[in-house]
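Each structure below appears as structure tokens.
Shared between the two complexes below is chain A, which pairs with chain B and chain C, respectively.
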Partner chain A sequence: MPRLLVCYKWVLDEQDIRINPTDLSLDASRAKGKVSDFDRNAIEAATQLVEQLGGTLDALTYGTSTVKQSLKDALSRGPNKAYWIQDAEAVRADSHVIASVLAAAIRKIGPYDLIICGEGSSDSYNQQIPSRLAELLDLPAVTFAQEIAGDGTGFKIRRKLDDCTELATVRGSAVVSVLGEMNHPRIPGLKQVLGAAKKPSEEIKLADLGLNSRDLMPRAINKSVRGFVMKRKNVIFKDGSAAEKVAQMVASLANEGLC
Partner chain B sequence: MSYLLTEEQQLIRMNARDFAKEHLEPRAVHLDKSDEFPATTIKLMAEHDLLSWFLPEAFGGAEVGYLSYVLGIEELSKASAAVASIIVNHMSAAYAVNRWGSAQQKQRHLPALIKGETLGALALTESGPSVGEGPNAVIATKQADGFVLTGNKSFVANAGRAGLYVVFACTDPLAGGKSLAAFLVDAKAEGLEIGLKKRMMGLRGRPIADVTFRNVAAELLGPAESGVAMCSELLSVLAIAEAAQTVGITAAALEHAGKYAQQRVQFGRPIGAFEAIQTMLAEIATNCHVARHAVYHAATLIEQGEPFSAEAAMVKLFSQRLGMHSLLDTVQIEGGYGYSEEMLMAKLFRDVSGTTIAESPMEFPEKLIAASIA
Partner chain C sequence: MPGIFVFSEDCAIARQLLTPGFELKQVMHQPSCVITTAIEAAEQFIAAGADKVFVLQTESLWPEGLATAIANLVVEEQASVVLVGGTVRGKNVAARVATRLQAGMSSDAHSVTFADGKIETARMLYAGLALSEEILSLPAVVTIPPRTFVEPAATVRQGIVKTVAVVPDERVAISEVCPNERTGVDIETARKLVTVGRGFRQKTDLLLAEGLAKALDADVACTRGVAEDFHWLPVERYIGISGRKVKPDLYLSAGVSGQVQHIVGMRDSKVIAAINTDERAPIFEAADYGIVGDLYEVLPLLTAALENKQ
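Right, the complex of A and B next:
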């Protein structure tokens, strides 16, 4: 029976984030949390594997003080047990820190046959965690999976690459990232939501993971995030003949570096 | 009483919203145009426990309570008030079975209602001045092995699709409405006839028809002498759910009009920058907020076993005003586009008129509210 782990991130729901029109700063004060969209695909993929093959599925997440709010949502989607690591500094964590924390936690609660992640998070979408996790855990990384099938002895994973698909056979443990197109995440029913409250969850203390200051030091500093608003210049070329107006327009586009 | 939603209630609301966006919203316009009963959608909703809400776990229900129920109905109504209305009528019938049914009646009917194998309907309205007073009033006559019903019910929601009807009928023609009692009627019972489906202004897809009873076998539900009180309670439960529908439709209209006001430019500025538009949007948002929390409060009273008839009348009264006034304003904000049948607002306008007109408390809401003050 396979033992699976799915990693997920608790992110702000982008639908609730407002862009301040004056300085394009983001107002997330009323934004609610949600399981990152791509991680929902990862949870669905892992849940389907357990439904087909049997075995167990754990969920693991790392985040700020709000991360505990994610547990019932994650558990209602299929996992049997959830682990969480809470850290006030997680708000500044980059891919290096997140992967270091998750890898240390997996060493503590593992081993697992497959560690499944989404292709990226729906907030920063750096797509680095699966590869970094594999490196830190000394496991193969099978990224951009669009299909996973298990036969009891291992897993066959179809990867979608730029110009081809690749079929990988995995014997032993591996880290897999799944594409958003891979499946359609289920919407938990009322009973799944109630059932989540009865499933076990366990906090892993950051201090118990044996990480040093280098592991927890972000390599990338996020200086600011601003909204993008498309502005129209409303330039109208109305003088001259049709040919002259076209020439003026082409010259203007060239001046903007657009042609 | 807590005024904050629990984690489970927040999740239930979010999942209902996701379900509505994925399964109801894309089909809502087609449903409105075709007026076809959304059988596949209702089946899918049963699979997601959306026909079980407050019904007991012992019969397969989710037993998540009335507050979760109205949270869900509000979200479903934002995407398709017609589908939400089918569920509200189904759940009202299921409420009656669960509240007043015998152990055998619950065992016989609740599992099928929860799984969606049987759709419920509530048959109350008659063509006379009030129930039991018209020439076609439904009269229940006692027989050796139960009752038979004779008469006609009007505007029965889910008619023709329901497998189980909760029917209020008079046991004494001379006493009229004072002798009201509740009955369960199997849709396959001999003598039950469904009239032609009525074409309604809004909430299209929810079937509405008259139902005629010609010596139809019926089973008494609850104590015969408590029919008036049962009917009053059931209509109060229904009023709260319908107010949740009104809030959902109004919230959808507000969101749509708010976006429109930001995009529509007049005199060099988005119309949302003009004070007149801001005032309209602010009024709607405030009334919607107040109505929403009044609905949550009334639902919590049911959940906690507290009296709720006056509060149900209040939310019905307030949501009636909220719905029609707000939708008139959102149509105005969108101007010609709001008036066009090609756009969403016209449909929302027609739908909200359905949720505000539908079954009211037995008395005028104002009378019930005044009585609660005296």
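Right, the complex of A and C next:
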């Protein structure tokens, strides 16, 4: 029976982040947490594989003190057990640190036949973790999967590249990242939410992972983060009949030389 | 000897990367080096500014298997910066190389500079809601989206070509390579786009958008939901963070609310126009011109007005 692992990130919902117009700083005070969008596709893909092949699915996440809030949400989407690593420094962690922590945790709770990640996180969208994990765990990485099929000896993964698709066959374990277009994550119902409360979850202490200061030192540091401001004319026709508004639009486009 | 290294499995993208590579060379005083698998392209790289070209000898269908060979090479050559073309394959190679180097990496950077002994990059966060400047200590790995830079003009110059033997990575076998279906429309190069969103009630209603597109001499694009949830248009037609990035002269949307993940794919358009029933839809903040109204009423009128104008 295969053992599968899905990694996910608990991120701020960007829809609730406001840009402070005076200094372009980000105001995330009203932003709630969510399981990163593409990681939901990863959880769905992993859950479907377990439904087809049998076996078990664990979930693994690393984050700040808010990460514990994610467990019920993640577990309601299908995994059998969740592991989490909490670290106040996670807020400054770059992909090097995140991958070091996750890989060390996987060495502890693994091995797994397949490790599944989303194509990128909805906050930083660095798209590095699957490849970095594979390198640290000495596994092949097959990124941007559209379909995954397992037959007990390995996995066949159809992936989408910039100008073609291809079928990657791996024998033995691998790390796979899945595209957002791969599936539609199920929306957990009451039964799944209640069921999630009964599923096991376990904290892995960072101190128990045997990581050194080099592993935990971010290599990429944010010098500045500022909101992107659209500078547009914002001429909105909202009064009058539809025909009048259309006439104003056509006149504006003509003025721009576009019709 | 330290150097600024460039890799892409796509030679045109590798030549584009020689442009930021040259900027770094000017301030870092290190040679510009290209890693490639295409021996026949070596002279072109030198003409485009490469001082040294390393040709990896491989027959493999899986360029990502080269990550280990590239990592070994850049360690041996003491690369200070590795610029990688931000294709699907390139991103995988770059992150593996960065891990081998225990290096920091910026993904999808749209600028890369050198200051105070470190690399500085600019990139997007939160699907384009914010811009961040990242600082990477050396060695640094950076992926740059294709077509961010224009390749340098070719000049007559000398360079060194060196071949490198590669131990093949056989953990992944590749088969069934199929070129993507061409739908005849490339929204990334279109001059005008009519973009449809979830405001359309059924697939046949897209005829309204097609009529407008015809009157404007535009192509039809869509949001992620229209392509991936409704399957009304191929995924190659959707604009957004995980879809296509477009910058046409005119982007005109109907029934598109304007979530940040969509906006980021179109905000470099020259003129943005939008039609939506909801006055508070975020698309209007991103628009130069907007009509608050029902697309089912507005589109036929707009199409007729444009046709009459001609």
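In the analysis below, the second predicted complex is superposed on the first by the 232 of 259 C-alpha atoms of A that agree within 3 Å, B and C clash if a C-alpha of one lies under 4 Å from a C-alpha of the other, contacts with A are read in each partner's own complex, and residues count from 1 in each chain.
Keep in mind that, in the parts below, a contact is a pair of C-beta atoms (placed from the backbone, for glycine too) under 8 Å apart; a residue touches a chain by one contact, two chains touch by 3 or more.
Fair warning: this is a prediction, and the values are worked out from it, not measured in the lab.
A.B. asks: When the two structures are overlaid on chain A, which partner does A:111 contact: first (chain B), second (chain C), both, or neither?
C.D. replies: A:111 contacts neither chain B nor chain C.
A.B. asks: Under the stated touch criterion, which partner chain does A:190 make contact with: chain B (first), chain C (second), both, or neither?
C.D. replies: First partner only, chain B.
A.B. asks: Check the residue A:143 against both partner chains and state whether it touches chain B (first), chain C (second), both, or neither.
C.D. replies: Once the two structures are laid over each other on A, A:143 reaches chain C alone.
A.B. asks: Looking at A:161, would you say it contacts chain B, chain C, both, or neither? Reply first, second, both or neither.
C.D. replies: Only chain C is touched by A:161; chain B is not.
A.B. asks: Which of the two partners, first being chain B and second being chain C, lies in contact with A:220: first, second, both, or neither?
C.D. replies: So A:220 only meets chain C here.
A.B. asks: Counting only touches as set out at the top, which of chain B and chain C does A:72 meet: first, second, both, neither?
C.D. replies: Touch partner of A:72: chain B, not chain C.
A.B. asks: Have a look and say if chain B or chain C is in touch with more residues of chain A.
C.D. replies: Between chain B and chain C, C touches the greater number of residues in chain A.
A.B. asks: In the superposed arrangement, what residues of chain A touch both chain B and chain C?
C.D. replies: In chain A, no position sits in both the chain B and chain C interfaces.
A.B. asks: Which bits of chain C are touching chain A when the two form their complex?
C.D. replies: 61-62, 64, 67, 87-89, 91-92, 94-96, 98-100, 102-108, 120, 124-137, 140, 146, 169, 171-180, 192, 216, 224, 227-229, 235, 241-242, 249-250, 259-260, 263, 267, 271-273, 279, 284-294, 297-298, 301-302, 305-306, 309
A.B. asks: Under the touch definition given earlier, write down the residues of chain A that touch chain C in their complex.
C.D. replies: 12, 14-15, 17, 19, 26, 38, 94-96, 99, 119-120, 122-128, 130-132, 134-136, 139-144, 158-172, 174, 179-181, 184, 214, 218-228, 230, 232-238, 242-243, 245-247, 249-250, 252-254, 256, 258-259
A.B. asks: Show me the residue ranges of chain B that touch chain A in the complex, using the header's touch definition.
C.D. replies: Within the complex, chain B contacts chain A at residues 7-8, 10-12, 14-15, 18-19, 22, 47-50, 52-53, 62-64, 68.
A.B. asks: If we count contacts the way the header does, which residues on chain A are in touch with chain B in the complex?
C.D. replies: 32, 34, 69, 72-73, 76, 187-191, 193-194, 196-197
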